[in-house]
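In the two complexes that follow, subunit A is the common piece, with subunit B as its partner first and subunit C second.
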Partner chain A sequence: MRSSSWTRRRRVGYAFIAPVFLFLCAVVLFPLGHAFYTSLLRVRGLSSTFVGFANYARVLTDDAFWHSLGVSLAFTTSCVLLHMAIGLGLALLLDGLRFARTALRIAFLTPWMVAPAVGATIWLWLLEPQFGVVNYLLVAWGAVKAPLAWLGEPALAFASVVAVDTWRGVPFVMLLMLAGLQTIPREQYEAAAIDGADAWQRFRYVTLPNLRYLLVVASTLDVINTIRHYDIIGVMTAGGPAGATEVLPVLLYNTAFRGNRFGEAAAIGVLLLAIVLAFSLLHIRAARLER
Partner chain B sequence: MKRTSVLRWIVALAALAVVLFPFYWMLNTSLKPQTEIFLSPPTFLSSHWSLDAYATVLTQRPVGRYFLNSLIVALGTTALSVVLAALAAYGFTRFFPRGATPFIVLLLFTKMLPETLLIIPYFRLMSDLGLLNTYAALVLAYSSFALPFSVWMLIGFFRSIPRDIDEAAMIDGATYLQAFWRVILPLARPGLVAVALFTFLIAWNSYVWALVLTTDSSMYVLSVGIANMVGEYRVQWNELMAAAVIAAVPVMVLYSLLERHLVNAITAGAVKG
Partner chain C sequence: MRNIRKLAAAVACLACVAAAAQQPIVLQWQTANLTESQYEPVWKATIAEFEAANPGIKVEPVLVARKDHWTKFVAAAQAKKAPCIVTVDLTTAAYNGYLMPLDKYWNAEPQEFRNAWSPAMLSASKWKGQLYGLPIWGGTYAEIYNRDLVTKAGLDPNKPPKTWAEYASWAKKLTGNDQWATAVLGGKTDTTTRVLLMWIWSNGGEAFNADMTEATFAKNPKSLEAIKFYLGLVKDGVAAPAPTTTNYLEQTNLFAQQKIATMRNAYWAIAKVNGDNPALKGKVFVAPGPANVPNAPTLTSVAASSISASCPNPEAAWKFIKFDAGKKWTVERAKVANWMPTRNDMADDPAFKADPLLAQFVTIGNNARSYPLPSPIWAEIAANDIVDAVQRALLSPEKTEEIFRDLDAKVTKKLKDV
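The block that comes next holds the complex of A and B.
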């Protein structure tokens, strides 16, 4: 009697969770499998032939892939370091204010709220070489002599997309760090002050150790989010000029939807997935270890 | 003490000015007449501000249509995701509480899939099925990243509702479905509303899926329609910025209303993994 009501209970439970499982299989697992399958095909228009791992061999011997991997790593490293440094700095700044904290927090979050594609469009106008306000201000302040072609030169274009991604990515880290700062017991600061610690020492020996866990978790999560991000670069440069901003997701998109080489693009995607998964494992381990 | 706090405020407001400047410039440009856009030096405040660019994009350009498309797709995604997520969150927290954590880790992985990898099968499958340029394709595609998020957040909310409550309802003779529908859902309403709004915003802000799954400009969502306006022969920046305001302002308002839940929503992914 007892066991039959228990199995009935299980059955009811399955009925509640089954729809999500089925749906996730249909919208995530099946497409993912299909993507793997596509990476083994050569797709030419409507016809496709099975080529085994030829796409991977081709991608891995292609200079464009290695170049793109380098751009991705440089982009992700620069962005994440900037997100973390500025995000932590802003959090410390806001945490010390007495009033208007909620309003300021919301105001600082706005770049993160807006669609990246829309944010990137606004920046396209700000950075417009002839009439853009950024060039106007820099020339007016004497920072540069002549207007710069922000998205027209490789090094400048790379710096520009990093700057825009920083603008968008900082609030996320700031919010996490603000939450983290709230959890640090006040007594620790008081004890440090009694011991005669100055502001830097309090940061170094109280704040940082307390935030260590959150810093690791936030940076691994940020790496995962940045390395697979397409929208900002897709809108601003589409990978140009001369491939200077062609991070892996952009290379993938261009290969598939501009070059019509779906098999190769899927292979690039699987390699990108492998990189993301490696960081995911790191992230999950970091999130678990210190609990 | 007093001096450091003044200094803090100065640095904070300077930083805020830099962060918000792009939005000020978006708004400023959107209010200018066409002839004033290309003035040098540019005008930071203008006596010619008007809503003409807004009228133009809403009447002579399909921005109203983009808005409607974004709304339909985001609402469809939200409805689908929240219904499925509520069932699953109830199922996990009430029937398989131990299974919830492994399931959350699984969701974590699906949340981390590169969307550019998934758009390839979505594009190929939807074009094979003749579903390009349909709301259905967009809603299905969007649920692939919205649903894991909704389930994840709702499990958190449902966990905070004591199980004694639905057990008490069942002792009073309610069935599981009645307990879920009459007791738990009303109690979870604040959580449901927050999750629904977040799901809506995530869908509203997405770009690359719709970029790939729509080729007919009457089916563009706002993000795609706006980004595509940049590619035009002669960009009308005031109109473009007016469209950007139309896309950005509702999102800012909704997120600000959700501020209280924001830390939870974000840290759900970062801390409770």
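The block that comes next holds the complex of A and C.
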């Protein structure tokens, strides 16, 4: 009797989750399966031939892929470190404020509200070498003698896209950290103060340990988010100059839409997915351990 | 009662069929140029007049930025939902099966209509002997100069440089404080490749062998010499800085703001700079690009209207293409957007003869090679591989030969893989 009721309740439960499950299958599993299937084909426009894992072999023996992987890792590492450092700094600043907190919070969140492609286009014009505001100000203040080709030199272009991604990505970390800071019991700070701890010691021995879980969550989520990011680089440099900013998603796009090699592009996509999945597993594991 | 129900159902079905029959055919039209302000009045008028003459057909423009044009088309073509009328890299699109052969419609047209296009012009719209597009407009490239800046530098606008040596001498004189003679194009679009090809041809070089199975950028000494000279303009300080981000837009901005005195571009660039800076109207002159060999050809890009393979109404699409290719719109495009005619029956048109700049472009275009080059992977080679090599050479000029040798090997491999 009990068992049949339990089975019925289970069935009802399945019925409730079925629509969401079907929806996820349609928008996640089917595209993923299709992408994997495409990666096994040599696609020529509307016709295709099954080639097994030849696309993977081709991609993995291509210098462009390894170069892009290197650029992706450098880009992601730089961006995530900056997001975390600046995001935490801003969260501490906002947490300590007693006035204009809401206004500043909204102001700092603005870059996150702007669509990445729109933000990138704004920065593209701000950094324009001849007529851009950034060069105009730098020259006017005497910081540089001649306008800089922000997106025209490999090192500068890389630094520029990292800077713009930092501008975009900091609010997310700031928001998480701020939420975390507000959950730390005030008594811990008071106890530390009674023990004679200075500001740095309070941060080192009270704030950081309390934020450890959130720091792990934020950084792994940020890695996952940044490594698959296309918009900013796609708009600002399209991977140039000379491949200096060609991260994996940009290589994927260029292979598919400039090279018209959809099979290879799908293989790059699957490899990128594997990297993202590895970070996701790391995230789940780290989150479990921290809990 | 049952019969009444049946009758009602039949009437409802008939009403639906009649309503569907009355729905106009909607043709989507996508080119990279519909978002260009100088062309907007022309295409709007073309559509309005076509729809008035053909009440059963509606033309819906697909507005898309130039750099996203191909991506959007390919994504739609893969989904078999591509706009019916498109202007795209014809060979690449035909090779990939995205376009419909037009021979059936073309051959059904009267001889008088077909004679309006020369076989040479039509050949640029063919792939494997089949016609995939009707050439609608073109653009011959020439050297465009700012008359005021030339005169200010003490140079004679009536004697523009004919050789590289003369051009180099002019370039030095046209360069001043925060101002340069020209702009070298190295941005990530195929405009970079167009200009590079012209410099190569101007030295008697070739970028490819005759049947396009081998790249010869470095293999051909004349080509390599041209590449070094052209890209060297940056190192010499006579070309604007940041060439790796300079494309059509940046180049015409620099020219309109009088930061550069000369640019290699087509007639349409004059409409763009006049729009950006009306003070320049009537202050430009054109000349053939300087060359080291006699009769060096320039480049004419041909834009042809095609019908996508998935178009459900190809007859209506062909009707619009024919309408758009008509004399009236050919004149309008030339007058308003500065796009050159592809029809050979319009050279004596008074509207063209009245425009001395256009007449000059037409004369320069008498010795031109058509673009894009006929390879099914041209879009990738032109916008990716060649541009990448140009960017690398601009960043490391001392490695130019090595970079273009690598390019030869890479592109040759791709051409042989097709």
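Note that in this section the second predicted complex is superposed on the first by the 276 of 291 C-alpha atoms of A that agree within 3 Å, B and C clash if a C-alpha of one lies under 4 Å from a C-alpha of the other, contacts with A are read in each partner's own complex, and residues count from 1 in each chain.
Keep this in mind: contacts are C-beta pairs under 8 Å (C-beta built on N, C-alpha and C of every residue); 3 or more make two chains touch, one makes a residue touch a chain.
Keep in mind it's a predicted model, so treat the numbers as computed, not measured.
In this superposed model built on subunit A, subunit B and subunit C take up the same space, so to speak, and clash.
In the superposed model, more residues of subunit A are touched by B than by the other of subunit B and subunit C.
In the superposition on chain A, A:Ala115 makes contact with subunit B only, while subunit C stays out of contact range. Applying the stated contact rule after C-alpha superposition, one finds that A:Phe131 touches each of subunit B and subunit C. Contacts of A:Pro147 after superposition on the shared chain: subunit C is touched, whereas subunit B is not. In the superposed model, A:Leu94 lies in contact with subunit B only, and not with subunit C.
When the two structures are aligned on the shared chain, A:Ala163 is found in touch with neither subunit B nor subunit C. Contacts of A:Leu277 after superposition on the shared chain: subunit B is touched, whereas subunit C is not. In the superposed pair of complexes, A:Asp231 makes contact with subunit B only, with no contact to subunit C. Touch criterion met: A:Gly269 reaches subunit B, while subunit C stays clear of it. By the document's definition of touching, of the two partners only subunit B reaches A:Arg9; subunit C does not.
In the three-chain superposition, subunit B clashes with subunit C only at 56-64, the remaining stretches of 2-10, 38-46, 56-64 or 218-226 being clear.
When the two complexes are laid over each other on chain A, subunit A has residues 128, 131, 257, 262 in contact with both subunit B and subunit C. Touching subunit A in their complex are the following residues of subunit C: 67, 70-71, 74, 77-78, 80, 92, 95-98, 186-188, 240-245, 250, 253-254, 257, 259, 309, 377, 379-380, 383-384, 387-388, 391-392, 394-395.
Here subunit A touches subunit C in the complex through residues 44-47, 128-131, 146-147, 149, 151-154, 237-243, 254, 257-260, 262, going by the rule given at the top. Residues of subunit B that touch subunit A in their complex: 5, 8-9, 11-12, 15-16, 19-20, 22-23, 25-26, 29, 37-38, 40-42, 84-85, 87-88, 90-92, 94-96, 105, 108-110, 112-125, 140-141, 143-144, 147-148, 151, 176, 180, 201, 204-208, 211-212, 222-224, 226-227, 229-230, 237, 240-241, 244, 247-248, 251-252, 255-256, 259, 262-263, 266-267, 269-271, 273. Looking at the complex, you find that subunit A touches subunit B at residues 9-10, 12-17, 19-20, 23-24, 26-28, 30-32, 34-35, 38, 43, 90, 93-94, 96-98, 102, 104-111, 113-126, 128, 131, 133, 136, 140, 167, 170, 172, 175-176, 178-179, 214, 217-218, 221, 224, 228, 230-231, 234-235, 249, 252-253, 256-257, 262, 265-266, 269-270, 272-273, 276-277, 280, 283-284, 287-288.
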